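Each structure below is given as structure tokens.
Next come two complexes built around chain A: one with chain B, the other with chain C.
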Partner chain A sequence: MTTQAPPRVDLLLQLADDELVLGWRDSEWTGIAPFLEEDVAFSSIAQTEIGHARAFYELAAAELDTTADELAFDRRPEEYRCAPFVELNLVHDWARSVARRWLYETADALRIAALKASDWPELAGLAAKIEREEAYHALHAGMWHERLTRSPEKGRYADALDKLWPYALGLVEGDQRRLLCEAVGRAEVAAVERGTHVDEWPSLWDEMTMVRRTVPGGTW
Partner chain B sequence: MAVWEVFRQEREGAPFQHGGSLDAPDRAFAEAYAKEFYGRRAESVALWVVPRASVLEVDEPYVAPVFDRDYRRVDGYSIKVKLKEAREAVAARSGAVGAGLAPPAEDPAA
Partner chain C sequence: MSVAQALTAERVWEALAGVPDPEIPIISVVDLGVVRDVQVDGEHVRVEFTPTFLGCPALDVMRTQMAEAVRELGGEPEVVVVTDGAWSTDRITPAGREKLREAGYGPPTPRPAGPIQLVQLQTGAFRCPYCASTDTRLDNLFGPTACRSIRYCRSCRQPFEQFKTI
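Coming up: the complex of A and B.
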């Protein structure tokens, strides 16, 4: 498969890969989240993100004459267009996991708002649909952000936000960076850009694609 | 962490029914979890979320019966016996099999 997709398809792959990989990472909390209710809510959000990924992949697949599954699982690790931000393995660090959710949702809201104005009707329509589901994600991320910001361990949460901020900036480009800075009240720093991958990425890719690679072309 | 009781309404005009309970540290969390557990499949049109501590639990909800007041209860009357007697009376009067299904030939109360 080609690594050089047309710009509008490349944008779709960025969105899809971000949602798939973040959904995957967040699902690593299933069964071990801080308490049962949060376990259900966090897992459900992870699942929704993967659902959004599928919708973006399907749109891209139609352009590239392939399928969503092939795009999601049959590319080489270096072909994925996700931001390093979503690849980070944060399980067992709840403060950072919440910080990532909050930063991601804030950035994603800017991205989705821009996509709604896309001159590609299918993409604009999809963005409007996704935005309705993202409202719950934003509510969830916002309440945790508030709670950890006021908690006795707020230093730990502040530290998590500081550490993740350069990565979060890499989610968006151009004018959206300035808007993201305003939305979270932080100054622009050197971003960890898309196109590079973190050290934990190859093992995550290995796990994600393992079943497909075991039975190439298999269907379930 | 506190326990919250969730009541859900399936459709407009229907009574709210107890859906279950959940653990949440505050109102915002209780609201979010209630939405997640009872609202995300469009199975409720409205939710009431109540801290369990705000529910007035009534101990010993019955008014203790001191005297025998069985006559206040419907199960004090055996409708089965009454029906049996009525059927027998009708059958004895008409003498015909199945006549009990037809209106009585003459109304004894008339």
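Coming up: the complex of A and C.
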């Protein structure tokens, strides 16, 4: 597997890896969310994120002459281009999980809007399609953000946002950082950058890729 | 092989109208508006379609079944997924909407000009598919599949699945 991908393919892998890994993390709430309706919501959001990951991987796979599954599951842990933000294991911490959803959707909306103007027609078209689907994720995140901001536990939620902010900033680059600061009303800080991985990443990678590694070439 | 009838785009559309949505078999892929274009060049048939949601697990089944329908006509299928900002649930046909309602699903409301706002989902624009009351409330933005929300009808006290507008 090549790690020297052309810049536009590298961008696709960043997007795809972010969506795949966050989808995986969100799915960890399936069955144990604090409300039944949130079991359904987090599961559905996870499914949609992984669908977006697949679409990005397919576009990248055509450029690299490989397949979406190979990109998603056959790379070494250090080859993944996701932001450390999406790797964090936040299950059992609802405040941080909501904070991550809200920060992620805010950042993602900025980069999807920029991708719609891409001179690569397939990527611009995909971004336009994804934007329509993501609108529901943003509504959900916004609703929970409002609720926790006004709740008696608002201090805990504010703390979650503070802790995650340097990680969230690492999702985007360049001018989008300034836009993200404006969108969430926070000052720019030193970001936890892409290219590094958090301590929880190897065990998540191990779990995600276990079936592929157990039965190489297996199809279902 | 002698072809009794020439392969035309019209015949392909007719065949696709017999391909059911794998999750809601009462509605066909044509009723659902997901088939964007059909081009026939000799035996080669190119079908372009856009899934309602990219994460739809029925996507591969749809693709396989559409290819099979083309093969049954003697064509060589190429089924291509097209993604752009042009597809919306407004493309679901009037007949498709009626079939959804009869099966207990709220058909999607027309797409607004801008992005969907929460307040729009809390209005009286949503009609219960069972009793036709508009006294319904949003229970969950998300439902059993990516394309549906859960609403509750206060009038007949029945929860129902509402197609999301995208």
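Convention: the second predicted complex is superposed on the first by the 220 of 220 C-alpha atoms of A that agree within 3 Å, B and C clash if a C-alpha of one lies under 4 Å from a C-alpha of the other, contacts with A are read in each partner's own complex, and residues count from 1 in each chain.
Following the convention adopted for this analysis, contacts are C-beta pairs under 8 Å (C-beta built on N, C-alpha and C of every residue); 3 or more make two chains touch, one makes a residue touch a chain.
In this text the structure is predicted, and so the values were computed from the model without any measurement.
Chemist: Following superposition onto chain A, is the placement of chain B relative to chain C best described as a clash or a fit?
Modeler: They clash.
Chemist: Report the partner of chain A that touches more of its residues: chain B or chain C.
Modeler: C
Chemist: Once the structures are superposed on A, label A:50 by its partner contacts, choosing first (chain B), second (chain C), both or neither.
Modeler: second
Chemist: I'd like to know which partner A:40 touches here: chain B for first, chain C for second, both or neither.
Modeler: both
Chemist: On the A-aligned overlay, A:139 touches which partner chain: chain B = first, chain C = second, or both, or neither?
Modeler: In the superposed model, A:139 contacts both chain B and chain C.
Chemist: One more residue to check, A:32. First (chain B), second (chain C), both or neither?
Modeler: It touches nothing on chain B or chain C.
Chemist: Which partner chains sit in contact with A:210 here, chain B, chain C, both or neither? Use first/second/both/neither.
Modeler: In the superposition, A:210 contacts neither chain B nor chain C.
Chemist: With both complexes superposed on chain A, which partner does A:147 reach: first (chain B), second (chain C), both or neither?
Modeler: first
Chemist: What is the contact status of A:128 with respect to chain B (first) and chain C (second): first, second, both, or neither?
Modeler: Once the two structures are laid over each other on A, A:128 reaches chain C alone.
Chemist: Once the shared chain is lined up, is A:116 touching chain B (first), chain C (second), both, or neither of them?
Modeler: Only chain C; A:116 stays clear of chain B.
Chemist: Taking the stated contact definition, name every residue in chain A that is touched by chain B in one complex and by chain C in the other, in rising order.
Modeler: Touching chain B and chain C on chain A: residues 37, 40-41, 44, 136, 139-140, 143.
Chemist: What residues of chain A sit close enough to touch chain B in their complex?
Modeler: So the residues of chain A touching chain B come out as 35-37, 40-41, 44, 136, 139-140, 143, 146-147.
Chemist: Show which residues of chain B lie in contact with chain A when the two form their complex.
Modeler: Its residues touching chain A are 1, 22-26, 28-29, 32-33, 35-37, 40.
Chemist: Any idea which chain A residues touch chain C in the complex?
Modeler: By the definition above, chain A touches chain C via 37, 40-41, 43-45, 47-52, 54-55, 116, 122, 125-126, 128-133, 135-136, 139-140, 142-143.
Chemist: Report the residues of chain C in contact with chain A in the complex, numbered from low to high.
Modeler: Against chain A, chain C makes touches at 50, 53-57, 82-88, 115-118, 121, 139-146, 150, 164, 166.
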